[in-house]
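Read the structure below first, then the notes.
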């Protein structure tokens, strides 16, 4: 452990910590935009700057090592002013269309603007660059008018998904996140996993599938396990008014041991079958080659009667059950129990081989 | 009367730069031979005690810098910064064009100190002829065995001022976008391809053969004691002799401009000089007696920088020049960190507004606040230094600004 | 999986992927492998007839012909033994049957294998050395290895390779089948198989049966039941009269759909419980509406044996109900009262009867879940099996496996090999993903992957509609000309009802042990329309 | 020379991407898309990264350019020496604006920051060859050398 002074208080931090970690460990909140604990450090947004005694420059706490005896101020007037200037600079390039933004209420940039009182930017005379929003893919909305160039999406694409579809193009104020030749995602190695949406601290990257269906403060997030392949990723179903309106993910290993929040295109964008108008909503009985709606009682009585008849006439081994690799353990257990104990046969299998 | 004192330009004009024999006849590669009889530690101690400080702008003690390279590192690199991108600077080109083997020998001396087998010269893309020139010299040195098992490769930049910053330069050699890295780790610990790397400027390397030959005491006795030796300055702008001068570091700015530089042409009066390149401070008349060494300059609020000396006469309008400089930084910001990417863009915007008479005092206030934040909050030296011309002209030449604001009010 | 997914991201120094395309089919696992290979220096060997995304970053790529896996694996072992790269200590301490295996393998020189697999002998050597020398090494496989008439042999050969090099029982090693469906592991664990109860307790084992009879208070049948494909065949013959299908879609997923259709139509009674009116449900006498994963509580077990919670987020539409409630209701109506207050109560019954799940409770599953075996309430779960080379049966048994050609090799009439699989953007029979707007918009139809050489020969161009036929039938499909497949093999996904691959596959010869159909090899023909 | 061949010469050089780009530009005066694609394969990086590098450096261009690339320095020392007037004269003589290429594909006019010839300002370069101490009346003679 090393000792240092932060905001007049002597604190301890493990050797090798960054200043940001030392602050977090001691309950001191530092604003960050480019920092992401799962991605390589960028040190570029400069929101996490702090003052260190006897150092002429501010230190970006996310990349600055905490050293024995340092005297740090995290919220001095100088620092607060610098952060305000940085936010104003970003505000000048950001399209504040919060009223219609899906990230409203779940936007780190918005939070900091609120916290630091950024009503408007003092740097807006020259206006901002306007980017057309026209990526035709059905999954991801890319609105670079809201981008603050934190590059978390680039790093997530490189380091989590390893698709490496996007990078920074051009230089300086002309730089922008882009696929090769500034084309469409569909023509790039993008696999539409939406890890970029997951890490974006603004509304620059959002889900087209969820658009307009509910903002963070309107939805409940229910952690569950994905219904597709056997990897067992956890995800959060976003629910508004008893309806699933989107998918987000929990990035804590404790709640997402396999995937740490990473998902694939099906997990993140393939949830709307739940609300499909094709869903079966009532039992159906076929009569004269046509289905008609039936009550549960009628349908189940019919099933029970027919199965019993076959069993009585042809013996239990003339019955069979296909259980499912998609239903829960509990249901699979009951299905085989039902087959063995009720139907009286071991003819139970599922599509494990298919 | 101030006079030139030549160490790095000692051979300039006296030998044929294309001739290895000429260099050898002038005593070339003798110092390299000598260091091969020394241990790495002895060599580092020699350089450290000579007090040679980096000539690229940061002014760090060269021997100490080398000392950061872990002794046990199996792979190390020597990198020469020839990305002379500061407008008004052409000293490194001058040295290399006049005496390429001096640089190679200096790099090989450094290589001995840090046990390196591979060196790179990162040459700016504007100097393709220098690349050819250096490649010929390297070939000669290799053929004649002067460099031993030390290899040197020249890499050409792509037209990015930020690559003069050592970590951006390293990124560029690695084939990446030239975006600076955060420090620490410093290149001495994790540089090129993550290996310990010494990055020095051409002029720094070029001083080494003479230091090895004449000893550290000799070098330490030249010029200012805290920043001994000479410094090559390149004069540009409104000055009679627009050419490089190598002078002892206790020469004053005034001596450089008026004694050696011949003063202001066409009978005009001096108004300002910008020292150290386009990110340097604008210096008014009353600071002209400051000696041209790192510490004295720093105490006067000036960075020594790369040795560019850009002189402006009384007819020059500081707002016009600084607007142009602001555009330069807007163009050259790499875009990695927020305050620089957005800050250089907005600085230029505000300068244009001032220049065209549309600015209010609160715009100037904004510009000043932004500039001060940038000097402390930006990731690398580019963004930290970019506001210097604005801040120093606001301080010393505020009339030029006020005139424009008045125009706005009327 | 013997080992855990996370190990593929950091612990494995070499990963051998055979018959698996994780970046499409197990994308998050694919991401971890790519990360390990590109940024962490792990070696990668890919054996696949398709030049997959992983193949493009592999150290060695082995484009072996579909169905030649045993020859390839035997040849790799041949090299390992011949060059003294086998882990003798591991073999001696932990295995048996080495001599017999080695004897068989000795005739599979890389040159010989080249004639079967089409893979250059030197590449086989390179792969063998890399796998044997860059450990800890993991083998990942999926249906590309198993869906063959020699699927069981293929899996045994993979196990041979791992044991031969001691690549078991340590982090980063292992034999890792990547399972295709969210709860296929759980369905097996729960006894959704004709021969075992939960936790793989054999129905023919009297003690086990007695335990379940005691718990369920009923006499239980003592003979193994029928597998899925056997059931279909028996239905065809009329021996199976009634079938209950719970969330399955054999009319898309099973081989030779003409055969399946005839069989299902031949039933006296078919009941299908599902969330959509699937191709199978359309043939049913009664259809029961189930709740989907978002509408119920429970657990899934993933491919690394991790049991995790499924939580109800919203109500099921209309009168749809969770499957477990429907089953209870039906059992009760059939005179066997089943009643549970919650899925948790069912889980408690499961753990009381299943040693490998015995230590699990919903409370313990709350965060990271638990990987079985987890025999006691204190047990932390098991990230990797066979620790220190210990096998559940005592010693790991090598199997001496000879190469057998696939059931249906190309001939004059059907000169091309058709292999089937999945797309990143769809899932299994497409029941769910075809009803996801974005997924279906992005990939609305099946495309037949054809190598440019073959396309040239048949004068087919990109995007052209063609007829693809096998001895079972034919479909129309759009051709996609790509170098990402070997020249005489074509690939198509099976998700699309408009061009269902399984009209073409065969159900005549299954793997004799696992009864798995040979989806990966059918002799086929392509004609211009 | 073929793009692949050019790239192959630098492929084994660590970090040789930018060197390869320079070599391609020596041949084509810009970086065709195909070159960026090939380079990404040869150097084992993503296309997006290869493109990111190509668009970072002002000497590299992803747009087609003329046979002669005229770069007009506008850094401060050239600025005070009359760069603005020189630029206007260049545009007038060539009949194009900065960033454009003459219809015959012969000249492209670009702005540049300091080219390191500040001893004799203002400066232009034509295909990297510096012409110092320029003035509007010298333009015709300099352009005449470009054949």
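Letters A, B, C and D name the chains as they come in the text, with residue numbers starting at 1 for each one.
Here is the rule we go by: a contact is a pair of C-beta atoms (placed from the backbone, for glycine too) under 8 Å apart; a residue touches a chain by one contact, two chains touch by 3 or more.
Note that the structure is predicted; figures quoted are calculated from it, not measured.
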| item | value |
| --- | --- |
| Identity of the most central chain, Cα criterion | A |
| Of A-D and A-B, whichever chain pair has more C-beta contact pairs | A-B |
| Intercentroid distance (Cα basis), chain D paired with chain A, Å | 43 |
| Centroid spacing, where centroids are CA-atom means, of chain A and chain B in whole angstrom | 47 |
| Intercentroid distance (Cα basis), chain C paired with chain B, Å | 63 |
| Chain centre separation in whole Å, for chain D relative to chain B (CA means) | 24 |
| Per-residue overlap in chain C, given as positions that touch at least 2 other chains | none |
| For chain B, residues contacting two or more additional chains | 160, 177, 331-332, 334 |
| Residues of chain D engaged with two or more neighbouring chains | 45, 49, 52, 56-58 |
| Touch relationships between chains, expressed as pairs | A-B, A-C, A-D, B-D |
| List of chain B residues in touch with chain A within their complex | 160, 177, 182, 184, 330-339, 341-346, 349-350, 353, 366, 369-370, 373, 376-379, 384 |
| Chain D to chain A touching residues, read off their complex | 33, 36-37, 40, 45-52, 55-58, 62 |
| For the chain A and chain B complex, residues of the former touching the latter | 33, 41-47, 49, 56-58, 60, 63, 65, 78, 81-82, 85-86, 89-90, 92-93, 122-123, 125-126, 148-149, 168, 170-175 |
| Of all residues in chain B, those that touch chain D in their complex | 84-90, 93, 124-129, 155-161, 172-178, 193, 234, 236-238, 242-244, 274, 278, 308, 310, 312, 316, 321, 324-325, 327-328, 331-332, 334 |
| Chain A - residues contacting chain D, complex | 158, 164-171, 178-182, 188-189 |
